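The two complexes that follow have chain A in common; it is paired with chain B in the first and with chain C in the second.
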Partner chain A sequence: MTDLEKYTKVFAETFDVNESEVEKLEYQGIELWDSVGHMSLISALEEAFDIMLDTDDIIELSSFEKGKEILSKNAYGIKF
Partner chain B sequence: MMFNLSAYKGDVSLIDGEHCVTYEMLIHKSNAIAKAIGNRCLVFILCTNTPASIYGYVGTINNNIVPLLLDYKLDNSLLNELLNTYKPDYLWLPKSGRHHFSGMKCVFGDDGYELLKTCYEEPVSLYEDLALLMTTSGSTGSPKLVRLSYDNIRSNTESIVSYLNIDAGERAITSLPMHYVYGLSVINTHLYAGASLVVTEKTMFQREFWDMVKTQAVTSFSGVPYTYTMLEKLRFFRMNLPSLHTLTQAGGKLDPELHEKFARYAMERGKKFVVMYGAAEATARMGYLPAEYSLAKAGAMGIAIPGGRFELSDDNDNIIDLADTPGELIYYGPNVSLGYAENKEELANGDEQHGRLATGDIAQRDQDGFYTVVGRKKRFLKIFGKRINLAEVEHILRQHFKESEFACTGRDDYLFIFFVGGDMDEKIKSFLVEKIAIHPSALRVLSIPDLPKNAAGKTLYRELEQYYDL
Partner chain C sequence: MTYEELLSLEPYSLSQVRKNELFVELLGALTEKHRQMSYCYADIIRTLGYDRKEFQTVQDIPFLPVRLFKHLDLMSIPKENIFKMMTSSGTSGQQVSKIYLDKETASWQQKTLAKIVSSFIGTSRLPMIILDCPSVLKNRHSFSARGAGILGFSMFGRKSIYALDDNMDLQYEVVRDFLQEHKGEDILLFGFTFMVWKYFLQAVKDRNLFFDLSNGFLLHGGGWKKLAQESVSNEQFRQELAKICGLKYVHSYYGMVEQTGPICMECEAGHLHVSNCSDIIMRRSRDFSPCDIGEPGIVQVLTPMPQSYPGHSLLTEDEGVLLGVDDCPCGRKGKYFKIMGRLANAELRGCSDTYAVGK
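Right after this comes the complex of A and B.
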């Protein structure tokens, strides 16, 4: 599985949506992505990629797209 | 009058982004709503953490008008049930929710909120000391309400102000919803003390929240157990927040390990971490663990608040005097509610509790007089700080899925639904997510061949524990 596939799967499973719908997801854009959902997402991402996100990154990760940007940073070294 | 706001006229009461609301403006704005309503009557307020929502609350409570505070996100069918049960005279709600009530006339509006006149013809009779109505279980939308008096609110507010030392220099941020008694108590205590509130709908997962905490020099915030789990994940201990000096926790028992971590953090940084205990039936607060004991007594709930008293009672209603002996926690104090209401007629009822509340929690007292909650007598869970009555959830499920049998159990933050019947896990899950606004990550739905029952047909919840390992 590529990193993008893995990343997509985490979003689809956390928020119970089809993989084709994940790209437009945003924090508080759907009911399930509230503060509780956000924490589930962060835990799932940390587990899937075996990383530990910084406070700023946890807060900034406010959309599917933004998350790709953050995980691509050197500290995490994930390639999309 | 509940709040003597004119004593703080020129001071800042609310801060909303860049915008400051002085106490003088708060008086003006809230009185305008009261004036549009006119006489003492019942008003539903659909709450958000916005100044307009607070204007509605202050306007009603300070002018002898009785509000019921509800979550503006409350499911529409549940809201309709409450409307039909209590038949309020007015609704104060965000403009964006107005289209659900197209039959009602807007008679006043301010700052994104509108006052709608309902069309119920039957007058509601309200007991003279009745000040405020709160739901017991915000999310299941049970029509059962807690009736609070002016004395209840005043005494509990004064007590909290005194043990937390809240003065005019304090500045809290609204990190909890105001339809929730704990969130409301933060608003009450700060307005009572002439302090300021940073009002926001932002959550701690948004940059704007922490920016506000820093730029507005917020001095305190409050959270339920789950808030503290999340704060730890957010690497809160590494954040530099010099103005923040008080963290309070209530809404369920905090994991003792986490309690200790936050207590240690607070001690090292010269901040106060105050674990508290309460219920809607006691206006908000009944107990607290003084900050200086928060590390030494980590895991404990604390002592009774000023003006209140605890007792432990055994199964035969005898008082337990021995230390470290569990019994039901009984609270006595002027903040114990008048009682419940389940229909409009009961809003006319007087005080049925007489200052005594059997909490349903099992607690024990150590030799130093500190109480620790060790279990529950009644069947309910706290899910992310919200009280979920298990019998009620079973009832809602049975009404909807008439062919199946259900049993609900679990522990805090994990609700297990056991059912007998075919492949409908997903259906049950999505139904509950919508109906009681519970996050799916807290739900486990399991199909089992039979529900364990005793000879009398009562479900044996103990035997369901084999299906989960918590």
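Right after this comes the complex of A and C.
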């Protein structure tokens, strides 16, 4: 599985949507991505990629796209 | 200076003189902004006699009684920009405060909290024990301020566990195994003061248990009133935690849903501090004039953070006393103070106090 596939799968599973719909997901944009869902997403991403996100990145991760940008940073070393 | 620039500074670096200059400008502009955006707010401050656009000092900024957020829908944004609504804790029968956030203010709340808390515990996220029960977050559509507090502080932890089950019974094995797994690591503990005392510490004592929390950092807040009724002082609270669990780093915080984010943290010397992001003024009840250092009064809280609702200057229902300015032995700049409790006849509203009444 590529990193993008893994990343997509985490979103699809956490928010119970089809993989084809994840790209436009935003924080507070759907019912399940509320503040509780956000912490579930963070845990799921950390587990899937075996990383620990910084507090600031948790706050900034406000959409599917933004998350890709954050995880591509050197500290996490994930390539999309 | 914008709020964003204020946030980028070390959180306790501003002297009071410098802060006064910045805050009169920021809060003055914010008062004017809210006045233009909210008819309701404009009416209130006009009634209070404020029609000036220029303020000489921070003390001149008008303040709203915090209770107004229970009775009025105060917001300074068009309805379609509401990103999130927060409500206060309250026992049944009490009305709750409603705070309306747009994206910017919601994000500033989190960034402000992160800035303040990380200056105490560092920027890496620690394994976390929540001294509460999982059911506070069960109903995600309407969790209490207690749930919101837990969620807000969860971003500082990882691999979090709950120390209590839904009957508020201590999960000894869960905590023991967690501590074993993270032996030698720093641990973050978070809970509301009354829960920590009653359902964690008392349970550990009653059941003759032992946890080694000498690597722990406890952050607690949400109302002292219930503990004061049980005659437990902050000093005693700290001493018992140190004696029974070896917990050395115990910091309370003072905050409220109406100004989520810029909380006041207790320093190593046991004093509550305002950060760069907020300020505090104690006022005399007879004429609302500012108190001197050492003179108890009604607590007014100010912060240039809220853009979406006029909550930048609020008169609380708490009584407090200013202990000093710029000269705390811990080295942090700005004002430091202590909270004596709720004013007589005020409603019960702390996160842990409302739980106590519900039982």
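One rule holds in what follows: the second predicted complex is superposed on the first by the 80 of 80 C-alpha atoms of A that agree within 3 Å, B and C clash if a C-alpha of one lies under 4 Å from a C-alpha of the other, contacts with A are read in each partner's own complex, and residues count from 1 in each chain.
We take it that contacts are C-beta pairs under 8 Å (C-beta built on N, C-alpha and C of every residue); 3 or more make two chains touch, one makes a residue touch a chain.
All values reported here derive from a predicted model rather than from experimental measurement.
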item	value
Chain B versus chain C as contact partner of A:Asp16, first or second or both or neither	first
First, second, both or neither for A:Ala75, with chain B first and chain C second	neither
Which of chain B and chain C A:Ser35 touches, first, second, both or neither	both
A:Leu4 touches, of chain B and chain C: first, second, both or neither?	neither
Chain B/chain C common contact set on chain A	34-37, 39, 42-43, 54-55, 58-59, 62
Touch list for chain B against partner chain A, complex	203-207, 210, 226, 229-230, 233-236, 238-239, 384, 433, 439-442
Chain C-touching residues of chain A, taken from the complex the two chains share	28, 34-37, 39, 42-43, 46, 52-56, 58-59, 62
Residues of chain A touching chain B in the complex	16, 27, 31-32, 34-40, 42-43, 54-55, 58-60, 62
Of all residues in chain C, those that touch chain A in their complex	83-84, 107, 110-111, 114, 118, 123-125, 137, 140, 143, 148, 151, 154-156, 158
